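The structures come next, written out as structure tokens.
Each of the next two complexes has chain A plus one more chain, namely chain B in the first and chain C in the second.
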Partner chain A sequence: MRSERISGWILKAYLVVIFLFVFAPIIASVVFSFNSQRFPTIPLGSFSLEWYEKIFNDADVWTAARTSVIVALCTAVLSTCIGFATAYTDYRYQFRFKGAFLALALLPPTVPLIILALAMLAWFSKLGISGQISSIIFAHTVLCSPFAMAIIRLRLSQMDENLEAAAWNLGASQWATMRSVIVPFTRPAIIASFCLTAAVSFDEFAVAWFVSGLNKTIPVVILEIVQGNIDPQVNAIGTLVFVTSMTLVIIAQVLIMTSQKRDKIS
Partner chain B sequence: MNDTLVEFRQVVKRFDDFVAVKNLNLSIAEGEFVALMGPSGCGKTTTLRMLAGLEKPTSGDILLNGQVMNEVSASERDTPMVWQSLALFPFLNARQNVEFGLKMRGVDSAERKKRAIHWLERLDMGEFIERPVNQLSGGQRQRVALARSLVIEPKILLLDEPLSALDAHLVIRMQGVLSKLQKELGITFVYVTHSQSEAFAMADRVVIMGNGDVAQVGSSREIYRAPANKFVAQFVGRNNIVSGKVISVDNGLVHFKTAFGTFSMRSPKNTAIELDQSIDLSIAADRLSVEARPHGAEEISQIKSGTTNSEPNQVHCTLISEEFVGAVVTLFFETNDGTEFMVQVQERELDELNISQDANYILSWSVDAAHLLDN
Partner chain C sequence: MTQSDSTASNNRSSQRLYALTWRLPIIVWQLLFFIGPLLFLIAMSFFLVKNYRMHEAFEMVNWQKMFSRAYFKDAYVFTLGMAAGATVLCSLIAFPAAFALSFKVSENTRRWAIFFLIIPFFTSYLVRTFSWYVILSESGVVNSLLQFIGLGPYTMLNTVFGTMVGYLTLTLPLVIVLQTFSMSQIDKSYIEAAYNLGCGRLRTITSVIIPLAKTGLIIGAVFCFILAFGDFVSPYYLGGSKPPTLSILIIDTTKSGQQWPRAAVVAIVMMLTLFTVAFASIAYAYRKQQR
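Our next item is the complex of A and B:
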């Protein structure tokens, strides 16, 4: 009994240490973003919003934020649409080379980012569309679609295999079934996929750095600031980016989990 | 009065190498309650799905109302189905589920709501109209599924093992609900099941299927008392199957030889019996009687062939196991050569028999108890 309790405590402590190790840099960044001192040293100075004021007054940061938001939204819409179409194709149809089709659809995240980024850059300049906002959107869509597909595919796999047939049986055409059964059923996954792909795009640095040209996204701007000197502005931007991404990821997680739970009761 | 509503004409369904339905010919009348029954994989669900337009026959025609339906899509058939999994839309509440079919037919929302509520109330679901379906019990969801199919006022309702997920006491109750509904509405029910009790309790006509073929069509009693062939006899009820060879025919009796003795049966009326013919018989387990074998009555007459009703067929055997289902007990016996016999007796008769395993018993059956099976 006693030894069990002790090992229980040890395991809990171990877990806490792991999480501390993982989150310490982020927590430090958040803490120092509110610190009045220029250099990240302990003891801390006083509480200050100086660095936030500074970035709010920085036109470059605003432009980058605008670019990032546009890219994230467009990427989210495009990759969710492509992901949905791929996932539904996989769910509904049997065809030759389906295995190859799926492997191809899930391939992009397995390619090293640098390779992907370089290839994108070369390809876009050949097509004459490099260095534009649209080029970042295209590149990010390639990167994010497989995530969208995976999320929506998971949801479709939880669907009663007769649900579609039941709709046809009650007089719904193929399109009506898509509209009134498939989309409502997968809605939590669609929204989750939208949030998650937006978060991935919003955070993504390597590909954006290669293909963005003058249309810098937030991660690219952060790198440029860090390269120049040590500037607590980075902590402030980092904190905001972290909060945005985490919010999106948490929304996605909650949606996926609650929709699973709801099905389980039934 | 009863016109044909559904007709299967030489319908064949093949999935790659597997033949699910072989040359099915069947007609179903308007207002009839037909059960398709058989073990899993016998083609009963495929038959139902073809009728609903969810599978296309490989060859042959399916007619509904005298019209060939082969090219009519599932969504244009008006053949609503109650699914084994129910397939309710989990993101809609009870009323919205029921409204679905009406919505697809372009009925306006006020009318839709009125009709959905009417059907839910009719099926005693008045309290749960706005309830999400995942907060309903199994029996309640069953009723929603029924209302969802019936609200479009079809001439035919297809049911695919709809009660298989319910608790035993609910099954009996839903059987009552279904029978009553079918009589009140006067529409055709085609009911697929592997459960003999469901099929026999509700259907006007039972179609027994095996390996993609129709093995027998008839009323519950016909099938129970006179199974057409070995497959039906084994699948339905508790039947003992005895195989033998005819050795003589006289006096209205057929005498035949089996692995464990020579027995007699009344000559069947409509079938000619020839000498040396191989025959299969079924003897219902409740038509055998058991008595304890007295000590001393030794191996002199291990078996006895009946000659008249007063002198039944007898065989000696030992008890191997028993199975209780309430008031009826099934006893399993084995003869010397290992042939098994099932006998059904009332639970209260057990005391008199002084049942104990490995004790010796005499089973007897009259010459009228055996029923000849088609080969």
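Our next item is the complex of A and C:
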């Protein structure tokens, strides 16, 4: 019994070490962003907003931020719509080739980004649509719709199967049922999917780097700064990006959790 | 046609329209922007480049050129070895953590832990890698700490160690989550039964827990392999691109050489390798489970 307890403590200490490893780079980046040293080390330098001032006065960063926001918003809308349609199809219908249909919908995350990036660059050039903001949006929607589908599908599986049929029996058309039963029920998941896909798009750099041409997004700017040398501006941009993504992820998580709880109560 | 017939057929066509509205978007989108590019990638590997311009053709020359180059074979072996190494290392490091999360903490703690492990997935991998670059550098945080106890400085950047740290940053959270999902679903009574039958703790892990969680462990490993095999950030920034991996080869050939067809050859070889590894491991995972 006593050795049981000791091994339990060792395992918990191990967990702490693992979490330290996972979060060390994130915490370090936030700390370094407020640090005066150009080559951050221990002992730390003094508190400084120098790097933030630098990026706020950098026109390129502002342009990239604008591009990133446009791409993230459009990607979130498109991939949430497509993800919803796909999730509903999977929930409601049985048909031939459904396996192939689902594979088509869910495969993109299993293909390395660098390969997709090359393939999309070549394909978009062939179609004459490369190097535009829309090309990044098209590409990001492919990457994000599987996530949207997964989140919304999960919510649909919590819905009472008879709910839809009951609405039909009461005389509602399919479209009316969709509008007044299914969409309201999945609304938390729809908003969660919107936030998460925006966060994924906001952070994606490989595909954006290849297809964006001159319309750089924030991660592409980071990639280019990093290629140069050590520049703590990256930490400042990274911290701002981190805060943005984190807000989106937390909103999504809270929505998913509270909607589950509310179902349990009602 | 009687009236009821016409309403019925009307109804049927509106049913069809309704179903297609939800089915078609993903099919159209993926064909245009996912399957299209991948098929074009295959076609492109047979194209020719003359005077820095690509010409549509059907020649084997890119394949022959790439397969006769020693650097391609070296990069392939190195990438495969690094990805396999990362997979083994990551699975081994993740296992005790997933074990602790599955059996040693409350359900509430587990839920929060998983939430915190999902967070890194949505934060910039580039920024995290850059952070490691600063932390691990010659005069960085780790070396300064080691100096206090009279060790170092060690060269950690531009080494295999640096690359592995990067790979683990990318894969460890995901692998722990996947392993935890499969292990926490094991019926606790099996474990008690094993104890009651006189199994030691280690024996319980090797002959009860691992076989029962096998599918999840293998899926975690497969994801780790896919991510490490395709990643270019860690081997480039933390490994110093010495030697280059296949993904770095793709970037170099595309960005500087304008040799898209040859980059396509590398990409296709990578895809074939990944599909082989993924299908073989998943088939293995499910075959054993059914017995």
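Just so it is clear, the second predicted complex is superposed on the first by the 256 of 266 C-alpha atoms of A that agree within 3 Å, B and C clash if a C-alpha of one lies under 4 Å from a C-alpha of the other, contacts with A are read in each partner's own complex, and residues count from 1 in each chain.
Keep this in mind: a residue touches a chain if its C-beta (ideal position, glycine included) is under 8 Å from a C-beta of that chain, and two chains touch if they have at least 3 such contacts.
All values reported here derive from a predicted model rather than from experimental measurement.
Student: Look at where chain B and chain C land on chain A after superposing the complexes, then choose clash or fit.
Tutor: With chain A aligned, chain B clears chain C, so fit.
Student: For A:Ala206, decide between first (touching chain B), second (touching chain C), both and neither.
Tutor: second
Student: State whether A:Leu163 touches chain B only (first), chain C only (second), both chains, or neither.
Tutor: first
Student: Once the structures are superposed on A, label A:Val181 by its partner contacts, choosing first (chain B), second (chain C), both or neither.
Tutor: Touch partner of A:Val181: chain B, not chain C.
Student: Once the shared chain is lined up, is A:Thr247 touching chain B (first), chain C (second), both, or neither of them?
Tutor: neither
Student: Once both structures sit on chain A, report the angle chain B, chain A, chain C from C-alpha centres, rounded to the nearest 10 degrees.
Tutor: The vertex angle at chain A equals 90 degrees.
Student: Per the overlay, which chain contacts more chain A residues, chain B or chain C?
Tutor: C
Student: Would you sort A:Gln260 into first (chain B), second (chain C), both or neither based on which partner it touches?
Tutor: A:Gln260 contacts neither chain B nor chain C.
Student: In Å, how small is the closest CA gap from chain B to chain C once the two complexes are overlaid?
Tutor: Here the least C-alpha separation of chain B and chain C stands at 6 Å.
Student: In the superposed view, which residues of chain A touch chain B and also chain C?
Tutor: None.
Student: Mind pulling up the chain C residues that touch chain A in the complex?
Tutor: Contacts found on chain C: 14-15, 18-19, 21-27, 29-30, 32-38, 40-41, 44, 93, 96-97, 99-101, 104-105, 113, 115-120, 122-135, 137, 139-141, 143-145, 168-169, 172-173, 176, 201, 226, 229-232, 237, 247, 250-251, 254, 260, 263-264, 267, 270-271, 274, 278.
Student: Along chain A, where are the residues that touch chain B in the complex?
Tutor: Touching chain B from chain A are residues 160-163, 165-173, 176, 180-181, 184-185, 187, 262-263, 265-266.
Student: Using the touch definition up top, name the residues of chain A that touch chain C in the complex.
Tutor: 7-8, 11-12, 14-15, 18-19, 21-26, 28-29, 32, 39-43, 81-82, 85-86, 88-89, 92-93, 101, 104-105, 107-108, 110-116, 118-124, 126, 138-139, 141-142, 145, 149, 174-175, 196, 199-200, 203, 205-206, 210, 219, 222-223, 226, 230, 234-235, 237-238, 241-242, 245-246, 248-249, 253
Student: In the complex formed with chain A, which residues of chain B make contact?
Tutor: Result: residues 52-54, 73-81, 83-85, 87-92, 100-101, 103-105, 133-135, 148-149, 152 of chain B touch chain A.
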